[in-house]
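Across the two complexes that follow, chain A remains constant while its partner is chain B and subsequently chain C.
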Partner chain A sequence: MRRAAGIVLWLAAVAAALAVFLLLPHLVSDFHTRDLASAGAFFIAIVGLNLLTGYTGQISLGHGALMAIGGYTTAALVVHEHWRDVWTIPLAGLAAGIVGFVVGIPALRLSGLYLALATFAFAVAMPSLLKKFSGLTGGTQGLRFLESAPFQVTGLKGTVTVFGHTTTQNHFLYYLTWGIGLLGFAVAWLIVRGRFGRAFRAIRDSEAAAASSGVNLAAYKTLAFAISGVYAGVAGSLVAIQSEIVNPLSFTVLLSILIVVGAVVGGLGSLPGLVLGALFIQYLPSIAAHVSTRQGVPEFVYGAAIIVVIILLPGGAGGLLRRLAAPLTSRLYTRP
Partner chain B sequence: MRAVYWAGALLCALALAAAASGAGTSTPGVSPTEIVIGGTIPLTGVASSFRSVGLGASYYFKYVNAHGGVNHRKIRYIIKDDQYDPALTMDKTRELVEQDHVFAIFNSLGTEHNLATRPYLNAVGVPQLFVGSGGRTFGADYKQYKWTIGYQPNYLAEGTIYGREVAKTTPKASIAVLYQNDDYGNDLLAGLKHGLGKRAKQIVSKQSYNADDPEVRSQIARLKSSKANTLMIFATPQFAIQAYRFAYQLGWKPKVYVNVVASASNVMNLAVLASSKKEVEGSISIVFLKDPSDPRWAKDPGIKLYRAIMKRYKDKGTNVNDVYNVYGMSVAHTFVQALKKAGKSPTRASIMNAATHLTIKNDPFLLPGVVVRTTPNDHFPLDQARLERWHNGHWASFGGLFRVR
Partner chain C sequence: MLVAFDWSQLAQQTVIGLSSGGTWALLALAIVLIYRSTGVVNFAQGELAMLSTFVAWSLVHHGLSYWGAFFLTIALSFLGGVGIERAVIRPVERAPVLTIVIVTLGLVFVIDGIARWGWSSETRSLPNAFSTRPIDIVGVAFSIQDLGNIAVSLGVVVLLGLLFRYTKLGLALRAAAVNPQESRLLGVRVSWMLALGWGLAAAMGAVSGMLTAPALASFDQNLMQPVLLYALAGAVLGGLESPIGAVVGSLLLGVFVNLVGTYVGWVGNDLRLPVALVIILGVLLVKPSGLFGRTAVRRV
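This part shows the complex of A and B:
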């Protein structure tokens, strides 16, 4: 009986989320859906980072660089090989997943702050690496889809037709990004509920205990990095598709830090709050700029807002959601 | 198993597409009382010294609006800060078109930046007017990009002028070139080679920098080690000032040619402060605007108008002697003339038609004799300039008016 009530509650939550996903573009201006699409790309990267940091306990300050791998994979395929932009997304995820796996190898020997520093170095080095291989990456100027391969850009003229439905390019990007985002979310949910998730959490809570319970540390840590890399790569690819241009400035150290901020605000070790984390990093800069555009003011508001959120919501938005839902769900799950 | 259903539901959701939104038939950005235009300017970041290009234009529009506007319409000019990052230029331009519904994009600054937005603006049919870049492509490739038109003399032509001047006055010169690693720097370099003709092999060393590099010290050191006696500075103001400074620190005193984007008097004065009077003395550049700090124009009606507008409308902290304000006013003046020609109810097609049929002989902010002229087959509004030499804290122009192509 209680189990049935729990399922109904879950179904209601999922239905509400789907309704918001489908209806939101019709409630805001067409241009605004593009901002939401951009938040969707952040969301995917944050979900990936949360699997790694929130569930496996491996800190990464290098996710912006993994996004760069995805974004440049897409850009290079579109500009050099004339692939259709949306078909490059799986390959972008794969490429970043492989790089994520390689980045994960040092994580076998480094932990905590040292791992954070190593991944941070990766993020710092990425823009210079991109400039170094200018034949492939276009150097400082980057790669411009519209100029080099306009016909590979979906929605060049402002509209897109999918299965007979015509929609604006902005709406298309929204549904594409959040569709992939929700799919990625569902996959992440399955991962954390299953065997992998248990192993990840065991590693996070105590590596020694995990190892003595038969968890293969090396395999699971690098696996977490690889999965997280796939998410980051897909996110980077979507960023590139949305901007229609990539350059080293698109994937700076700041982006890596933003993703971490989004994951912390959304709630490490929980999934539902991450949407709020994504919206937070998407909209905070423009809100901060609204306060005043005087020199230094937006940055100050930005920093202050992050501090306030972290003080008020130590568990992030996910923690808040849990606390709000506790009165509803605690009775469902506690047996008499 | 439940999870599989979720995944299925999500996939279905993915496949769903929303209905298209309808579009109105009236011209966006044009109302009975207002014309809304917009553009991107690096208000902050590495190229923020170009902010006056946008601000100067905005002051001129305020002046025009205070005098009745154009056909009883006030001009609202929205400036978005792109921090000199082409990806941001793209985002902000899209915002101007899709959210602010501007009539046209006007005076957006930067070569790479306008290259990034050009295919988009041409695909959606929004005029990209009077691009703030001397990239030759903005004037030359009008057949492919019919909604785009440039403004200032193009960089290829500018480089050609320097090449010819070197070949004429110092035929034995050995030349070192500092240039920005993008279309802007490459255009100037190509022009220089073209102007030098068979003397192009006298370019003994060339060093490029990236727009987001912190400094050009090592480039200048390498250029110096080539033992060149002539230095071409094809760089934006920040890097041009550094070039003077590092050359001075290394004890290198070449004859300097500095490109027009960095030859504003206030930039040159900063270069003097950063190096020495002797280091900067004798530098050569080109000019097509009246420089407000040039004593020759103190009584000129154009510069008097300029000073009056600045006094009335300028923001706190804007330097009146900054020639980029004059540039901004000149390009705004040209826009106003085009708008007048575009008819009582201007459309995007009519403003484009007007912009390609201009003959403006009375632009108060340009050098005497410089004419803004375009035809459907000539998308280079400004193609005249004079050489100038830095002497004792001021530019002095010499030689006649060149027509540059």
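This part shows the complex of A and C:
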């Protein structure tokens, strides 16, 4: 009986989420749809970071650099090889996943904030590296889709036709990004509730206990890095597709920091709150600029908002949701 | 090539490296101080130092001498550090490390905003604390400013060492960092010790900023961003746990980066930071807790 009620509740939640996803672009202006699409890319990166930091306990301040790998893979394929932009997404995810795996190997020896600082260094060094290898990356100029390969940009004429449905380019980007986002979310959910997720959480809670229970630390930690890298790569690829240009300034340290802020505000070790984390980092800059355009005020509001939210919601939005839903779910899950 | 090697240039570049390494060492020490007591890396340490430097600039601008402004700024920064700890860190004192790290990242924006709001974005400069005229030591010309920077940095480090080693307050600070629970039982006000730690760190950052600024022709609100990165690198190199490590690590890094930038043309000025970061990663792989850090042993 209780189990049935639980399943019904879940199905209702999933249906509601799908309805919001499908209807939202029709409720807001075309322009805002684009902002939402951009928030979707953040969402994907945050879900990936949450698998690594929230579930496996490895802090990464360098996810912007992994996004750069994805974004530049897409850009290089479009500009140099003339691929259609959307078909590059899987390869961008794969490339960043491989880099994530490679980053994960030295990360095995580091723990806690040493790992955070090492990944931070990776993010800091990335823009200079991108400038140095200018043959592939276009150096400071970056790679421009519209100038080098305009016919590979989906929606160049302003509309996109998929399966006979014609939508505006912004609506297409929204459905593309959040469609991938929801798929990624579902995959993350499956990972988290299966044996991988159990191993991840065991590592987070105590590495020694996990190892003595037969969890292969090295395999699972690098796996978490690789999976997280795939998400970051896909997110970076979508950022590149949305802005139709990549340059070293597209993926700065600030981006890495924002992804972490989004994950913490959304709630580490929880998935539903991450949508709010993504919206938070997407809309905070424009809200802060709205308060006053006087020099320095936007930065101040921006930082103060982050601090206040963290102090008020120590568990992030996910913690809040869990607390609100506790009367419901605790009755569902406790055995009679 | 080898015959023509210019030893005096090597000595000069080493001293220049030590001079910038010394200013990084102060910021690195500030970071290590907070890390030891709370297990948190304060990413806002550089911006705090930047704000202190702007305060010093205003004091000089209102007619104080460099050294008058220097000491007044240190005092103000100390109070500011204590105030910030009380206002924004104390509410999250028991939160997970990452939460506090995010708060310090939020502080980066807040302090940057304050500095941009209070001081226009025009570039400005601080007068030199020491004469820029060269001094001749065993036939090699060094700049007095570089030697002065090294002396002030090392002086601050020694003072801090004395404070921690030989005063009751220093003992309480160390006790609060090593074992908060037992220190609390013995009557140490642990929470206030953390606030004092933040104050000391802010004061040291202020010194770092006030030594960094005069060496540049002009500075703006981005003054301490590179210094913070080098200081973090230096602290990690020496081991985040170890104050000595932070100083030695930063000085080594300062010399190394300057020599590589001078002698390896491929690196030049642009790639100094990435090269430094790669070196740090290499060291971490061999010694994951830095040159002077202890390997963490945990009881299960």
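In this section, the second predicted complex is superposed on the first by the 336 of 336 C-alpha atoms of A that agree within 3 Å, B and C clash if a C-alpha of one lies under 4 Å from a C-alpha of the other, contacts with A are read in each partner's own complex, and residues count from 1 in each chain.
Keep this in mind: a residue touches a chain if its C-beta (ideal position, glycine included) is under 8 Å from a C-beta of that chain, and two chains touch if they have at least 3 such contacts.
Quick caveat: nothing in here was measured; it's all calculated off a predicted structure.
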item	value
Chain C versus chain B on the shared chain A, clash or fit after superposition	fit
Chain C, chain A and chain B - angle at the middle CA centre, rounded to the nearest 10 degrees	70
First (chain B), second (chain C), both or neither touched by A:53	second
First, second, both or neither for A:31, with chain B first and chain C second	first
Which of chain B and chain C A:300 touches, first, second, both or neither	second
First, second, both or neither for A:111, with chain B first and chain C second	second
Chain B versus chain C as contact partner of A:250, first or second or both or neither	first
Partner chain in contact with A:128 - chain B first, chain C second, else both or neither	second
Touching partner for A:268 - first (chain B), second (chain C), both, neither	second
Which superposed partner A:314 touches (first chain B, second chain C, both, neither)	second
Closest approach of chain C to chain B (Cα atoms, Å)	7
Shared contact residues on chain A - chain B and chain C	131, 295
Contact set on chain C toward chain A in their complex	35, 39-41, 88, 91-92, 95, 97-99, 101-103, 105-118, 120-121, 229, 232-233, 236, 240, 270-271, 273-274, 277-278, 280-281, 284-285, 288-290, 296, 298, 300
Residues of chain A touching chain B in the complex	14, 18, 21-22, 25-26, 29-32, 34, 131, 139-142, 144, 146-147, 150, 156-160, 162-163, 165-168, 170-172, 175-176, 179-180, 182-183, 186-187, 189-190, 243-250, 295
Chain A residues within the chain C interface of the complex	53, 59, 106, 109-114, 116-118, 120-122, 124-125, 128-129, 131-132, 206, 208-209, 257, 260-261, 264, 268, 294-307, 310-311, 314
Sites on chain B touched by chain A in the complex	3, 6-7, 9-11, 13-21, 44, 85-87, 90-91, 94-95, 98-99, 112, 115-116, 118-120, 123-124, 181-183, 210-212
